[in-house]
Amino acid sequence: MSVKILITGGTFDKEYDEISGKLYFNQTHLPEILNLGRCNLQASMETLMMIDSLEMTDGDRELILSACSRSEEDRLVITHGTDTMEVTARRLGEAGLKKTIVLTGAMIPYKFGSSDGLFNMGTALAFVQSLPHGVYVAMNGRCFTWDNVRKNRIKGTFEELDS
Amino acid sequence: MSVKILITGGTFDKEYDEISGKLYFNQTHLPEILNLGRCNLQASMETLMMIDSLEMTDGDRELILSACSRSEEDRLVITHGTDTMEVTARRLGEAGLKKTIVLTGAMIPYKFGSSDGLFNMGTALAFVQSLPHGVYVAMNGRCFTWDNVRKNRIKGTFEELDS
Amino acid sequence: MSVKILITGGTFDKEYDEISGKLYFNQTHLPEILNLGRCNLQASMETLMMIDSLEMTDGDRELILSACSRSEEDRLVITHGTDTMEVTARRLGEAGLKKTIVLTGAMIPYKFGSSDGLFNMGTALAFVQSLPHGVYVAMNGRCFTWDNVRKNRIKGTFEELDS
Amino acid sequence: MSVKILITGGTFDKEYDEISGKLYFNQTHLPEILNLGRCNLQASMETLMMIDSLEMTDGDRELILSACSRSEEDRLVITHGTDTMEVTARRLGEAGLKKTIVLTGAMIPYKFGSSDGLFNMGTALAFVQSLPHGVYVAMNGRCFTWDNVRKNRIKGTFEELDS
């Protein structure tokens, strides 16, 4: 089974710049993460953009949709900032592609101690292999469908719309 | 959805005793791992034993089977040493319980840097939520059925019997 | 031998707020650091302020000087942001207290992976025990006197004025 | 100021072999440690041996003494297992070289989380720059002279002979 990982940035891939004292994007840490997980899945990666999801535009979302659409693999994981993950999930969900697409991210940058990124990527890669076609968000050890998920900004966790 | 996690020890939970310079078992790190993953799954834990899987006896395996059998939850994750994970998976698989059971472990103790434990637990918790009844091994980002898995002791990774 | 540690904040003690996605100050990590170093020194700690050293005012520096001056211990370590460490060192040096005072800090927050904080605190605690009265900056494994040190903002390292 | 670091192994440099599940020696982590500490000291390294100090023979100690003796630098740090660090310190101390020699080690391997190695190396490098000729043990944030130090095997910490 072969999986495609599309990278868009998000907290997941943020780093600390010790000269400026600010957070920034450098290279993705995905290869390092898959290596740490001794992951043997056939997985190819493509970096679409490297941005904070608060800055993601409709145009960026069309680009993501287009990458999903043209991908040979029908199983895709997308790394994404958590702030607008539900917006992108909705855009992809409404497109109704015949693929299994799982969005995931992190609350803490992977490079910092105590990141949830390694765990989340584990769940996303497992869900993408086992779920039927559809668009999902994998966060907090759970899986949400694209039309029933939101980020609770107070708690910093994901939940169903009616919770 | 509610999941039960049965703990049996394995490399996953090994620690370094700085007085003796040896590896040993103390308490399980599962609660810490679920916390790090900001896991919101309804998950209960039960420590059945805390041993190296090379020392696991047939009696221990009956005890694990019995815990699976009497569990109210029909979705179970079992943490297990990698060396005989396939043996326990087979015992559980042959029992044919109407439950989804996923065994997982780690090549490097969770407490050490560079452990695959957090990633593996992420995959196990996702597979257990999404797969039909059966017994599985979740390692290396992949999922194996109980009757077609072995540990490649040279590479330290899991593979199908015919690979 | 007894040492006093004065805490003023700096990168050393910055943390990542996963709700806001910003860096902030919470509690100091000094007790955790001394614990990790299995440090058996008689050391007392006092948090004077918890700020970025770019925001440190002359008034703050008088407060630090006053804390050094009234301290019973004649060996003091001060944790400090690196950006204006040389300014505070100069203010303390010019005061000419009959004490050994060592300022140190970190380029990367202690809580993040790959921090230099633990190493730097090790050097500061050793220098403060072994050097004669005076004011010093301990960074990059080296020790600088207060009247001959500056931060090279391009390289992010400390050096002598004439280098 | 230029420092020589002699490497002999010890817990400091132990790693976990994920295939055998045993601790072993591979390459030294000293360069990585100095890098993490953003250390700018002029320091050269030499690996003399890579052994557990319980296995260190009188011959090994003569080899260490000889390396200290022939070293151009008169400031040396020696990484060493903690179990017989006091024995080697005594051998070097009795030789009465006109050099400053500091032995240090770790209770937890550097590669594992929660190692004291980075902190200890910080103290050793600072002590070796600031202390007069003599042989010292730098552990637990403190500095002991070669003729008044022992490891308390119950507590896992270093102390004076009469404590």
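Worth a mention:
Order of writing sets the chain letters: A, B, C and D. Residues in each chain are counted from 1.
Here is the rule we go by: a residue touches a chain if its C-beta (ideal position, glycine included) is under 8 Å from a C-beta of that chain, and two chains touch if they have at least 3 such contacts.
The shown structure was predicted, so the numbers you read here are calculated from the model rather than taken from an experiment.
When every chain is reduced to the mean of its CA atoms, the largest separation from chain D belongs to A. Centre-to-centre, using mean CA coordinates, chain A is 45 Å away from chain D. A separation of 26 Å divides the Cα centre of chain A from that of chain B.
In this assembly, the C-alpha centroid of chain A lies 39 Å from the C-alpha centroid of chain C.
In chain C, 107, 114, 156 are the positions where the chain touches two or more neighbouring chains simultaneously. Contact between chains, per the stated criterion, is found for A-B, A-C, B-D, C-D.
The residues of chain D lying in touch with chain C in their complex are 33-34, 36-41, 43, 107, 114-116, 118-127, 129-131, 138-143, 156-158.
The touching residues of chain A, when paired with chain C in their complex, are 11, 16, 18-19, 21, 23, 52, 83, 107-109, 111-114, 153-154, 156.
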